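Below is the structure I would like to discuss, written out as structure tokens.
Residue numbering begins at 1 within each chain, and the chains themselves are lettered A, B, C, D, E and F in the order written.
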């Protein structure tokens, strides 16, 4: 089994053993849900309900606004309690709809009429994906329908299904691959159909041999489908890295995967697409891994969107005494939380409770110019320079050094022996540079 | 001996002649049209072409100054005299008839602003960076973060952090250059003419409920000041906005503001003003 | 071989900036940006080579035969000034991009003591014509080398936390001192 | 229109305010090269002052007749002439000194101090002021060269002006009389000079800040207004 | 705005708020520094064995003054005091190991003060210095006390044929070659830490193994030595062999501990090759043509000066930007 | 008109400069020549303490002087020979007896050795070693030990190269002078 890889990257301890053998559990319905109107990249959805309205599961509560947007559906039956700003896991409050559960646990669910995957046309698939509010499950939450509608002049020749799950702790995609391989392949085929592509690749890191074996045997007789084993290394699952590893193509700075003829979809997205087309379901639940040494009972869960993290953590037995950090997302790119009263969103992939031992937080010391970050950066940037430029407000130099290319994967800060919060500074620089660029464009 | 004298004179004179001729020729034939200000600035410069300014000679520096690429104070040799003269040529003086100063428009220091509960922010203390991590450690998403970015940005040392964790402007040192405004990620600092007295010391646009939650001295948008202001103050998104062209200080019920979010910048003057209005004030 | 030694001597062993202290002013002034340092270095090298030629001619064809060596300084400086001016004119006329890259540094060179120092040293050491030219090029190369190293270091130091009173000229001098220490390793080669 | 400073000020400003070495950073080459000993420094500074004085005087006398295009060329020839005179006189009368200062006397020509003062001052001011300015700058140059030369001589050769001042047990640091030592000493001295200036400025600032704190404007305001409001 | 009573009050949590990533490798600056100090133990042991235990005073003096200078400057500058991160102690130790045995303690102290003061703190402290501080201190001493610093002691277990001069000096001035074996063991004249090639190699290989030292620099230096040293040797067999070059003097010590100093070596992989090869070239030239027998210190300092330029011109091409970069 | 002004100004300045310098030079030149001569003389008599008068021997390729004592009989030769030192040229005045088999003394005229180190060649402990030294077959440099033969010179600690350079220059100079003597050019 030859494992392909890319330049740079790091290999943090995986901790996958905490949850990898635990099957998905279904989370019982919460007492209330918070539904932020913007659970995706792009324009905020516009609310379609008023305070006091009764809603049933799967009902549209906010519809998509414009092209890059996604609708929001309620995950529970209940009454709209309020519309206003609520804290979210991004760290900032967002306009949200709060719904108090009233109905029985399994009240009748709103469903679209199922489509036959064999006969559905690409337009039908796209329309259904849009209506079902499916967004990328990889973290960025890009509306999937947009990804399935490439501009006419772009030639797409390969769809890559991202089964790397390179973030430590997370085992959600792995469980999907083990538990629902057929639905996954069906979802992949639907994506290929919508994009009119003949080649589909499932890329899986070689630390998941069972998944590779299982899926390989499933796709053996499928035309145009293949499974590729990839070296276990972070960030193998980043779009650019995955495309480079699978196809050998490099996505130029500022360009999208589709510019080199590839479309990447997450495992979870493929499953959601399958569910939307074949079962007619809308995206109202999130599959996630609850893990870390700070949580009493780590689990893989299917949770209604809008459930608060507090509920989920309580369901998993609460936190241990030595927990120091709660993260939504993976440990490398996720967001630390200061308030547990935030909802699980469509693209939430995990909730981690880490102990002091795991985070290894050390005081910051000056940069030693050791070059570790440069060796680790998968995008061949010089993180230490970028961070220093933005620290000194030299944003033009930062732009020249390619700060906007950075995808904030965190490998640099992971390796840094001086514990410099490189990502934090680079993120600041990126924001400023983009702002400067915008100002320039306006002029 | 006489011959040496003559040859010496001839040599030096000849060299001078050739050189002068070449220069005269250059002056006539190779003159390039350019902004006359460049020549003027070049004239007041020392023309030692020492390169101490970091540019390729005085002329290069002059070009950069006129084009606004270099600071007028960039010439270390010329000193203040030269700076003044360049300023005169470039007409910079007239623009600054009224002194501008930076005003820090947030009252939410360590005592007033409410911190996020139960967390410890670990990371650089710079405001700009704090904002990225969940908006810093204060609840308010609009107010001063107390990281002192403005202090670092000020070249004149005109800002210091007071004991309450809020920046304070030393007006005598402030030049109104606006560096601090650019440095503040929250837009709490503004540049105003020195003679403006009344300011809204809050930037919070949250609804009243939330603003009460995040800060003890936030404006929660009651709008009393606006209602009696005769149109010089308008409420926008729960925050008063002052139109200084229409402002009549005596009409603003500053004393009615429960949180002190709108007030005069200089308290002595405030007290005087309030006395004039026959409002009882106790000043210790 | 003799010529090669002269070159190495002028460029490394007896580096104009670091062991003769010639051309310190532009060395401190223009070394804050790498791009200008390279241009300045090239312009200086060019002028140094030219100066070596012209001053040799002047010295050996006019001053020596007529016993005018006391006129060395004024005549050399006049020639250098004229030369620089002339080069500037020509470059300006011939190529505008080249002028922008090199020409604007020319006025700085007139008052660069390294140029006059070169002319005087060459005549003092009674180099022959070819030796003078090589000496000029070598000195220019040494100047350029020092300038470029310094510019690289100073760009790096822009990112460093140098104590405020030492920023600018003082730290440049100290770096020059350490570089001079490093160049001492080449001592004794000639 | 231009502020007229007193004649005394024209002289004294050169000593520290615009000290050629520490503030204007001019004339580095001779500063570094000749200060192996204090006496050399003094001699160099005196020679420079001589040239500076006479060229400033002459230039300010004839400044009105010199057309702009040949300004620099004329100045430089005038300066070169004076330098040659100094050089010849030294060779004739002070052999030892002329040997020690070696090739640096001719380089006074391109010492930016002279051309700098000629351009910045003498070409715009009357002869009297130009002379004072030249003397002031010369004195400033003298001070810095003497200080630098003394330090290098004391540590590098145990002596000052030829008299031994350090005990025999003190092993002289040869580096001080090498080029590297010159750079390092001047760099450190310049840093210390800046430090001094900065300290002064900082003290002034501290005083201002203290005043702000004492008046406590901000604090009083809140109280006043709160009391007034209730 | 009525309050939503059904929603339970916000639970209080006591957690750290930081940005991603939330995992870190276990290395820290001080761990790295102390590890390097540990890797120097074999060299220290060799020094004490061959030149007598009293040499420990030189080491102690150097370390104490280095740390003392660091702390005093940090106190004056009102910066955080970081003597415990080990960097100042390491500088002092490295300096001591480059000094000759029985070197005067007062001069050692001066060297330490210069190394930390002029070599490091004046640039802003740890991480900002351009030149290796220990070598700055050593070069300063070499220039200040040239006689004392080239006065060598005969090692304790010397066989009669061994003189007190270093192998390089013996070669340079008297054309005497020293055998490789005594040089490898360290039974020859030389500086404290660098005389025993084996002790240096033990420490160096340890550092490479744990990843503190990037193998590219020592390797490129050794390869460079074979390349350039070999070239001069082939041109003129009178010149020493590359093997002699490698084992004599402080070449290995420099390759393992001095050139690989993180702060003053290039940060790019390509740059490290350029750096290492450059050091070797300059070193061979100095050793063969220069006036001094040894030039490791000068060649490393010299190349330190080039590091910013090397970093600049070996900047890795940004991922996917190959074509655009080249067009520009 | 303006052009003439420009040209006239600079030409005039040039003429005045040339003229005035010429005048100063007329005053200074003889003195400078005198100074230089005095210096050579001083060095010659330093290496031949009993010398009172000297004659330059022409056409030798380098400076050689024949020195006479009070009684006007020849006491030997003084020659000026230069070579490479550690950092630059070293120029040495060497005093030899009539038969060229004994050095009377040497005097370093020019050098640019490392101050405080190489410059020790100027100092008495090193320089005096050359007094009464036998340069045949050639002078040898010894290190660390005291000289035991009449043709040996002890090197300066830490400045081996400078010491050796002086030895090499003296050896070379003496050799050249001997060649001249054999050719009979010293008459």
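Side notes on the structure shown:
Note that a residue touches a chain if its C-beta (ideal position, glycine included) is under 8 Å from a C-beta of that chain, and two chains touch if they have at least 3 such contacts.
In this text, all values refer to a predicted model and were calculated from it rather than measured experimentally.
Under the contact definition, chain B and chain D share the contacting chains C, E, F. Just count the C-beta contacts per chain pair and the biggest one is A-E. Relative to the C-alpha centre of chain C, the farthest chain centre belongs to A. With respect to chain F, maximal separation of chain centres occurs for A (centres as means of Cα atoms). The most centrally placed chain, judged by C-alpha centroids, is E.
Separation between the centroids of chain A and chain B, computed from CA atoms only, is 43 Å. In whole angstrom, the spacing between the mean C-alpha positions of chain C and chain E is 33. Averaged Cα coordinates give chain D a centre that lies 39 Å from the centre of chain E. Contact of a single residue of chain C with at least two other chains is seen at positions 25, 28, 70-71, 74, 78, 81-82, 110-111, 159, 161, 163, 166, 171, 174, 177-178, 181, 184, 187-188.
The set of chain A residues touching two or more other chains comprises 335-336, 338-339, 361, 366, 421, 424, 427. Shared contact sites, meaning residues of chain B that touch two or more other chains, fall at 4, 8, 11-12, 15-16, 19-20, 23-24, 26-27, 48, 50, 52, 116-119, 122-123, 132-134, 207. Residues of chain D that touch chain B in their complex: 2, 18, 23-26, 69-73, 77, 112, 115-116, 119-120, 201-202, 205, 208-209, 212-213, 217-218, 220-229.
Within the complex formed with chain F, the chain E residues making contact are 146-147, 150-151, 173, 291.
Interface of chain A with chain B (complex): residues 84-85, 90-93, 335-336, 338-339, 361, 364, 391, 393, 421, 424-425, 427-428, 431-432. Against chain C, in their complex, chain D makes its touches with residues 25-30, 32-33, 72-73, 76-77, 80-81, 83-84, 87-88, 103, 106-107, 109-112, 115, 175, 178-184, 186-188, 190-195, 197-198. Interface of chain D with chain F (complex): residues 36, 65-67, 69-70, 73-74, 77-78, 80-81, 84-85, 88-89, 91-93, 95, 156-157, 172, 174, 177-178.
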